[in-house]
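Going in written order, the chains are labelled A, B, C and D, and every chain counts its residues from 1.
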Amino acid sequence: MLYKTITKENFRRMIEGLMEDNDVFGPKWRDRDKNGDKVYRFLKLNDFDELQMDYTRTYSSPKNFFIPFKETLSTYDLAETEWDQQIRYTVHPRVIVGMRACDINALRKLDEVMVKSAFPNPYYFARRRNTVIIGLDHEPLEDCFCRSVNADVVFKGFDLFLTDIGAKYFVAIGSDTGYRIVDRFGGEEVSEADQDAFKSMKKRIESKFKTQVDVTIVPELMDLEFESEVWERWGDKCMSCGSCAMVCPTCYCYGVEEDVDLSFTHAAKQRFLYSCNLIDFAMVAGDHNFRPEPHIRLKYRYYHQFRGFVEAFNQSLCVGCNRCGVACLAGISPKAVIDDLNETEQR
Amino acid sequence: MTLKIPRYDINREPFMTQTPDFNRKSQLLQTERTYKARINAAIQLTPEEKLFQIQILDPKERAQFSCLPGQFVMVELPGCGEIAISISGSCSNHEFIEICIRKVGKVTGMIHRLEAGAMVGIRGPFGTHFPMREMNGSNVLLIAGGLGIVPLRSSIYWVNEHRPDYKDVTILYGARTPKLLLFDYQYEEWRKVFNLTMHTIVEEPDENWTGPVGLITQLFDQVPIDPDDTFAIVCGPPVMFKFVCDHLSALGLPMQRMFVSLERRMHCGMGKCCRCNVGSTFTCLDGPVFDYWSVMNLQEAI
Amino acid sequence: MKVAVNQPVQIEVEHIARVEGHGNIKIRVEDGQLIECSWEVVETPRFFEKMFQGLSIEAAPLLAARVCGICSISHALASVRAIERGLGVEIPAMAKSVRLLAKHAETLQSHALHLFFLVAPDLLGVGSVIPLMKTHPELIEIATRIKRYANEASDLFAGRTSHPMVFKIGGTTQRPRKSQLLSLREDLAETAPYLWDALEAFKDINLPDFERETEYVSLGGNGDYPFIGGDLVSSDGVRKSEDEYRAMTNEYMVDHSTSKFAKLSRASFAVGALSRFNNNFEGLHPIAKEVAQELGLQSRIDNPYFHNLAQLVECFHVLYESKELIDELIDSPDYEVATAYEIRACEGVSAIEAPRGILYHYYQINKQGLIERADCVIPTGQNHANIQHDLEALVTQMTAEGREESEISLSAQMLVRAYDPCISCSVH
Amino acid sequence: MKYLGIELPKPKVAVFGFTGCEGCQLQLANNEQNLKDLFELVEVVDFRLISSDKLGGYDIAFVEGSITTDSDVEALKAIRAQAKLLVATGACACLGGVNNLRERFPLPDAVAEVYGEHKIESGQVRRVADVVPADIELPGCPISKLEFEWLVRQLVMGVEPQFPRYPVCVECKQRINTCVMDMGILCLGPITRAGCNAVCPRNRAGCWGCRGPSEEANYESLVEILREHGFSEAHIAERVSFFNAFSGNQVLPVLE
């Protein structure tokens, strides 16, 4: 991996320069919550000063830039008995600034499913290839547990990754595009002092983790505690509202729907993100429901995240951002559920 | 100073312009491209079930399409929806594909209204198949309950087309009523031309029924089974295949030589939508055909 | 067409079409004498004033919106503003602009609906807009474009086209984003030419020749053309503050109506586009004034059918004023959208110019912030008596002219429609 | 009309309004750019709000409003007898809607409050389904025009419409809204049927439940959460009672 540094003035010039000819997205503040704290969201930047480099977390993950909540897979012109199908994969280049290590790791997990396994997904692939990612390190928040699931550091999957070392950013370069960007906008060679600053910053980050989730035997527990009352306990609280899956950086379950327009001359096939918590997720024609109860659906969500994905790819699907825990009004968070599961096992 | 990032156009990749071949799962391709197929014949089997013979229009695509017994296709009516349907005809027939559709929901209901000459979109084939070649040299038990005869039928064709490869081949087929026994017009052919043994049973006989009455497991009394040299394919509702497989297990048939076809809701057929996902298993990719041992290890399979 | 003999006339229109709500017209003329002529309001009441009781002030504007599906923005605004006036809350400038823009969007969409969908079929001799889609596609295109802009503006400034949820006590829930405003401004610029086409289409129409001098009531402009709050004025010279609205409406019950009627200096008065036009002509946007001139309208008109043309003039006023408001908003650095408030026992009134005329909401609020008593006076309710008197005069005039029954019936229905009555709203 | 070889019938449609604000009927006439296509698809034979023509003989009746008077009941029964398919349209028809707020008081009190001594015919507020069976309930206050157009397509295709079973939260999160509960605003999104595209939370207002409950809504959990967030019983009761969307459950408080 190549490393460089860039001064904060040059970083500003870099973002402004990129904004000239490309769509640049970054964390902006959108609302204030009832405590007066800012709520952030990845949005298009019109001005460098909108970019909040000191943001905490975005309420929803940047997953939607790669897997939109609704996406047209193909369109059709219909005739009386015939049709013409159109499929487009055109994505215009864009830049996302400020993605966290966990969110980039989330993309790498999605890459496993969407690019590297059977039937690569061209829609995702086109988006992934046309998105420049400029990541950004941060000190963990109170509830971040990315470290517990090995998602706190990232070595691949970005073009540039920045660590704030005072007056400069320490920049890891992950791609040819990334290299060209840093080069164009005044990247400098890494000095001894920069290295020291970087190391101490990394140590500082490492020392600040407050939340830990013990996932050591969770894959096994998912089977052993399959009938556990833990699930009912949390399932009773679950409102099957799907919020967790929507804000999650890795949840990718979806549904496909087709519809025609009122003139019955045009049709579209659309994909929309779904959640395995929703009541009809596993419902088949004739209304038979394989997962009729909330706790069963909740359990299968964890089963996929912490067991199924581990079996398939040797890593959990969860990246420890706790967005689901924040979004869940009922207070169901991976930390709470897994702690409960571990404790139940010990009893 | 600016920097315009060049667009990476995946459409220009050579694999994007090739005729879609769903058997090449690892190639990035136009996964949503459907083969346009004309309905050659639409045969009403029962008030609820209709058999469609469909032909892929484009000769190149038609030549590309090859399937194995147990696989399924996604059948689409543009603007209405898409459904997973198992292939019911002979897999060596490269002219047309046979699918049998039960009217249960929106898409199947609309497809039932299609007449010969109309068109549907086809993607596929998808999924695993019955390991027909591994069964070479052995006895084969084909057991179906109700609509389970539909995926099983392609295995029956296969066995016929490769008859010398197999020893005794027995079909056991049960349905609720005699009227619900599908493809009854073919039983004579299967017995006499295909040289298969076939037994049928119903739960609720009508006045014309002379055969046995009861559950499908009753038919086992009439069939000698050699547990050391028999493969079984069991298709039907979960409660039925569980009974049958447990019964065969008790007779000493290893679970890895029994194959079942699972049914789940599917939206993509490509291991992406997760609607058919149980843990790490995707019914559309790892199934629909599983050996019984895998099913036993699958939380929530039955 | 004049017929010499005095034929008996018997007209019964049950549930007159192309108006909001249920109303009947009954006319009987024998031997040239008007025996019966009545405008009956048969809408089933919902008892909104009672529904408000015990609700929190937070819920009141949402319930108020449900009084009427067409002018829900006016009702919500009247409600929220009445509460604010009671509590003594001054809303931020940003919220004021957003509310007026929402108000204008509603006026434009309501007027366009009325002119093209409800009135145009009469002028073109068909029963509804449906056949016009084939015969007059250009007219439909005009209507579609104007309404589309109005709907989009409603969506942006009120949250949706009916039953807004963005007007909260103290201001609005949010400010529109710059990108949204820019795209709406573009949309507005593209829509304007269609409005001019509409002017061409309506320029040469013949409205029935009928005049009856009456009293016109509206908000009083001070050189402007007010829609939200201000003094209440009448063309007979009455001027009162909003708080004295009861003295302006003097509601009373009549037998054949579930709606209340109203009066002021004489037996009846009119509210709506024509009243605003007559009372505040000078305050119209210069472009709207120009349009009025082109239509040959001066500042005082006594032909009730000209409500339609006054609406057309107002479409120009609201569109061009919206343009200016949007320009201001785009450049406004202001982010404050709502003022904090404290609950206390109070009473509050607000007058709003709904598309069909002046609308009042009044609430008495207790110290827990619950509504103790509510009163809503609806524009169409204020117009009912005037419609009744107009009808009598119209039928008398037409009988004297020896007009045929079918002609009288159509003219009577067109007269009612000219007021663009919102009947279910008037009953509420 | 033919759709991929399938003959689609052109149903005759009528629209009727009972006790309500006619906002739903207005939505039907809204979205003008699609009206032409809509009228190609169905034949409107009776729609008083926009048409003087009354041709009768309809297949599908859209019924808006609550049923409050005896004459309403008779008229609705006549519509039911004629229509092959009856669609209760909007919150008033499906749930009783805001009209139900009046049911907190005896009718004579309501009459006296508004009309004094004057005699007025009215009665209990009823949903359409309280009087005659409704084949389909198209929810919302007001209904969504897009959903209405979708419904028409389903009906023309002869398909049983499947409304979303899941709650508003799904659509709200898909629009990447900040949760209004985090902003201190009471919201019924987690128990209300989706399909509105979360228009109220999108505008930073809470959900008021106008579309009725989502399937197997978890009332217990939401009430618990609302209490934890510090919302008073009265506040919760007002919210859940507003559209009468959650009557009949044993958990939610009801406005007295």
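Note that a contact is a pair of C-beta atoms (placed from the backbone, for glycine too) under 8 Å apart; a residue touches a chain by one contact, two chains touch by 3 or more.
Because the structure is predicted, anything quoted here is derived from the model rather than measured.
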| item | value |
| --- | --- |
| Touching both chain B and chain D (chains) | A |
| Each chain counted as touching chain A and chain B at once | D |
| Central chain (by mean CA position) | D |
| Most remote chain, CA-based centroid, reference being chain A | C |
| Pair with more cross-chain C-beta pairs in contact, given C-D and A-D | C-D |
| Chain centre separation (chain A, chain C; CA means) in Å | 50 |
| Distance between chain centroids, defined by C-alpha means - chain C, chain D (Å) | 25 |
| Where chain B and chain C are represented by their mean Cα positions, the distance between them in whole Å | 64 |
| Where chain A and chain D are represented by their mean Cα positions, the distance between them in whole Å | 37 |
| Junction residues of chain A - those touching two or more other chains | 78, 81, 83, 259-260, 264 |
| Multi-partner residues of chain C (each touching 2 or more other chains) | none |
| Of all residues in chain B, the ones touching two or more other chains | 77-80, 117-119 |
| Of all residues in chain A, those that touch chain B in their complex | 13, 17-18, 20-22, 73-74, 76, 78, 81-83, 85, 87, 89-93, 95, 113-114, 117-122, 125-126, 129-130, 132, 177, 180-181, 184-185, 222-223, 226, 252-260, 264, 267-269, 271, 274, 276, 281-286, 290-291, 300, 303-304, 307-312 |
| Contact footprint of chain A on chain B as seen in their complex | 1-11, 16, 25-34, 36, 76-83, 104-105, 108, 117-119, 121, 263-265, 267-268, 270-275, 277-281, 285, 299-300 |
| Chain D contact footprint on chain A (complex, rising order) | 30-34, 39, 41, 59-60, 64, 69-70, 78, 80-81, 83, 236-243, 246-247, 259-264, 272-273, 275, 278-280, 294, 327, 329-330 |
| Partner chain D, residues of chain C touching it in the complex | 15, 17-22, 44-51, 53-56, 59, 62-63, 66-70, 72, 113, 117-118, 121, 127-130, 133, 140, 143-144, 147-148, 151, 159-163, 165-166, 168, 173-174, 253, 258, 424-425 |
| Contact footprint of chain B on chain D as seen in their complex | 3-6, 157-160, 162 |
